[in-house]
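Both complexes below contain subunit A, partnered by subunit B and then by subunit C.
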Partner chain A sequence: MSDIITFKNLGIRYRDGHKALLALDNVTFSVKEKEIFGIVGESGSGKSTLAFALLGLLPENAVGAGQIFFEEKDIFSLPESRMREIRGRQLGVIFQEPASSFNPVLSIGYQFRELLIHKMQVQDAAQRREIMLSYLKEVGLKDPLRILDSYPHQLSGGQLQRVAIAYALSLKPKVLIADEPTSSLDVTVESQIINLFSYLRDKFNVTIIFITHNLDLVGVLCDRVAVLYKGQLREIQEPAALFAAPKDPYTQELIHTFSQLTQNE
Partner chain B sequence: MMKEFRKNRLAVLCLLVLLSLYGLALFADFFSPYAYDEEDVEHLWSPPAKIHLIDREHNIFLKPFIYKDSFTIDEYYRRIYREDRTQAVPIRFFVRGFSYKLLGLFKSDIHLFGVADSSKIFILGADSKGRDLFTRILYGARISLSIGLIGVLISYGIGLLLGGIAGYYGGRVDMILMRLVEMIMLVPGFYLMLALRSSFPPNLSSTQVYVLLIVILSFIGWASIARVIRGMALSLRENEFVYAAKSLGLRDLQIIVRHIIPHTFSYAIVTIVLSIPGYILGEAALSMIGLGIQEPQASWGNLLSSAMGIVNIKLFPWILTPGLFIIAASMCFYVLGETLRDIIDPKRKISL
Partner chain C sequence: MSKLLEVKNLKKYFSHHHCLVKALDEVSLEIPHGKTTALVGESGCGKTTLAKTILGFYRAQDGSVFLEGKNITACRRRFLARNIQIVFQNPYVSVDPRYTVYATLYEALTVFKKVSSQEAKPELVNLLAQVDLSPEVFHRYPHQLSGGQLQRVCIARSLINRPKLIILDEPTSALDITTTLKILTLLKRLQKELGVSYLFISHNLKLVRFMSDYVWVMYYGKIVEWGSQKELFENPRHPYTRVLLDAAYQRLTETASETLETDGCRFRARCTSRDKRCQAEPDWQEISSEHFVRCHRSGDTYV
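Then we have the complex of A and B:
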């Protein structure tokens, strides 16, 4: 399988007055087509910065260096107008807090419709409806008709996260970036969503970049895992190998603490 | 929300008063006994008519009537009006008078009330040219009340959009727009209004002046709105759903219009209602000093221009009634706005 995304010598700093905070330090790695690629690291390790850099949504005070190749094109230096076409249509994203990723004053169906009209140019109302219902069903929502008429606050976190995934998928992206998509959900819902990701990868042939701090999830879901620490890429391994024989001292420590934690439970 | 509103008696009363004022303005042709520019030399400065139900012989009538009046001229050449107790003139309802087009559509000549042609009824008195003040107040309401509504809507349109853009983009765009806003807010409103008005020729037609007044008032009004909306947009753009919308690749204007501006609506509705009196007063101020709506067209402001001299107020106190209408309309809008604010206030909503 060929590489779909390649980070090359990517460095990102956040300026804060005269100080500069190093968020990513010379990171280089590739994500293969149709794989579920995990990125793990603790808070502040730069994993979210990586996602934002890929999407071109870095805050204004960020300074970047290096390249990000998407299908052999450098998208890191693209102007906002071009990036907007790639965002959503090529690179979908799912955020951590499903409850706050929706506009609270508009219904689920309304926001979905807008998306289909503006991004997919689906002008026919009946066709739009069919698309919306099919995607909502695809992500495992039982009562799609009711969901369409609901407002975000009427749905549970798990349901909203499924809706967010349906939104993202409806734009037929090649890559789906999930930034800690289950951190705010309870454990049962979390495992359902995780299963959903494997199912969707096979169904829609989509590459998934899964960002998390939870090693357990990585083991279950991912084909390969990158470990980030303080903005540096420590190692990339298949999960089994990572757990069995971590090479990097930080990864060793991480896995050690994690296993201690799970044993205590 | 409706329930809470209905519980507030004062607010309901104010809403009713405003609705009836707007109703009177809309159907001014029907409610007014005379045309707004109908002059009558026999009734210059005629005082408000006394409406009677009991006649000289203490007979009680079910239908109200007035007495025909006539005047004598006193030693200061002032007209002293006196009722002629022998000639009762009954007030009739749904009489035929001058013809008009109701709402500009239906031809009609029916008026709510009136008296026989031999006499005239001025329930709020007459002005220096013998025109019926009540009629002129109704026609004036059309201008004064509509300027408030239209003006506020235009300034809100501009304020919401520019405020939203400034807040959403931040940086240089924000900087330029906000300096512009400050330039407008810097000059005291009334003087800015005068300056703007004086930059146009003085002898415009009433329609031109009407449009011009709306433009001037909106030009002054949008600034303060834009500033508040900008502040709200600044905090709203940090919301994750704005990021989510961005990450789905929606265009900036779509995000501003769909995801930022709607969140400012509860603020907007309250401030819209609270700022309407400002527009009404602005129009009144300009018209009163003769820079706004011109005679013979009436507005609440230019009706008051004859009340600028103390002598006139002393002799003909009824010419102040347009002022009472201005006060009533402004107060009702204020009360309504305050009530809406209390109801919409998000802090209260959470505690419910």
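Then we have the complex of A and C:
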């Protein structure tokens, strides 16, 4: 399989007055096509910065260096107008807090329609309806007609996250970036969403970049995992190898902490 | 086990869009001295309602709460606050953003004690040392601290008047795994040193296993199973407990349906092994002296 995304010597600093905070330090790695690629690290490790850089959503005080190749084209230096064509359509994204990904005063169906009209140019109402219902069913929502008429506050966190995934997939992206998509959900809902991701990768042939601090999820879901610590890439491994024989001292400590918590006493 | 807190047949109903939501439906629970009792269940099952009712923030429609044998159901908040404290999930919204750490702790201290800010200092220095913070943080504001540091401040605040029980409502859900381990280890150490009891509310069964001596499982306003940590994890008998365990250990879980039954066994819509008996409300079945379950099929053997 060929590489779909390559980060090359990516460095990001955040300016804060006269100081500059190093968020990513010379990070280089590639994600292969149709891979579920995990990125783990603590808060402040730079995992979300990496996602924002990829999506061209870095805040104004960020200073970047290096390149990000998407299908062999450097997208890191693209102007916002060009990035808008790629974001959503090529690179889909799912955020941590599903409730804040929606407009609270518009129905789920209204927001879905807007998306299909503006991003996919689907002008025919009947066709739009068919697309909406099929994607909502695809992400495991049992009553898509009711969901379309609902407002965000009427749905549970798990249902909203499924809707967010349906929105993202309906634009047929090549890569789906999920930034801690299950951190605000129950464990039972979390395991359902995790299963959904594996299913969707096979069904839609989409590459998934899965950002999390939960090593459990990485173990069951990902093909390869990158460990970030204070902006540095420490190690890339398959999860089984990472758990069995972590090479980097930080990864060793992380795995050790994790096993202390999960084994009893 | 000697009982510190006993909850008896507590009922708390809310009306929501003309429906009655039974957040606590005759909930009974016991918390022993000096141990950690966990309360687990998904969001919306009533865990936090129970905590708030114990703390006196809600008045129950029916039932009672006993602290060391004394009925405290109708006691004033002031009395309850002296004996029972709480640490919330998100430390950043549990303290006043415009108060320094010193002001936050001093305010909590003066609820029950008349001391000047100067006189309080040695006591507050000690308190911070107990949660492994140095006095340097005294003059910082909440936004200048990390989540782990601020949660330590919240733990220190809860300890200030030496309560008998601290309710920990998902105290580490907003924190990293490494910080989580540090905070939980700190809480265990404080329990050993001070003999304080914890009610640990969580939906993460791995953390529950690490922290607790006893576990109570709640499903939509009902306790469905309780037992010692060892019994519950090694021999879970309620299908809901097994669903939670499967999810925590990343085993594929079934869900038959998400609809909620309002009579009989409330879990039966989601249960894969339901039968005719489940239309009637199950009663407590004893598995051992420290393990009870509310399921008609508890006598059946599971694979």
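By definition in this document, the second predicted complex is superposed on the first by the 263 of 265 C-alpha atoms of A that agree within 3 Å, B and C clash if a C-alpha of one lies under 4 Å from a C-alpha of the other, contacts with A are read in each partner's own complex, and residues count from 1 in each chain.
Basically, a residue touches a chain if its C-beta (ideal position, glycine included) is under 8 Å from a C-beta of that chain, and two chains touch if they have at least 3 such contacts.
The structure presented is a predicted model; accordingly, all values stated were derived computationally and were not measured.
With subunit A as the common reference, the superposed partners subunit B and subunit C fit together side by side.
Contacts of A:226 after superposition: neither subunit B nor subunit C is touched. When the two complexes are overlaid on their common chain A, residue A:84 makes contact with subunit B while staying clear of subunit C. When the shared chain is aligned, no partner comes close enough to touch A:136: not subunit B, not subunit C. In the superposition on chain A, A:93 makes contact with subunit B only, while subunit C stays out of contact range.
With both structures placed on the common chain, the touch criterion links A:50 to neither subunit B nor subunit C. Of the two partner chains, subunit B is the only one touched by A:167; subunit C is not.
For the three-chain overlay built from the shared chain A, the minimum Cα spacing from subunit B to subunit C equals 11 Å. Looking at the complex, you find that subunit C touches subunit A at residues 42-43, 147, 176-181, 184, 203-207, 209-210, 233, 243-244, 246-248, 250-253, 255, 258. Contacts from subunit A toward subunit B in the complex involve residues 55, 57, 60, 84-89, 92-93, 95, 97, 100-106, 114-115, 118-119, 164, 167-168, 171.
Of all residues in subunit A, those touching subunit C in their complex are 42-43, 142, 157, 186-192, 194-195, 213-217, 219-220, 253-254, 257-258, 260-262, 264-265. Listed in rising order, the residues of subunit B touching subunit A in the complex are 170-171, 239-241, 243-251, 254, 258-259, 262-263.
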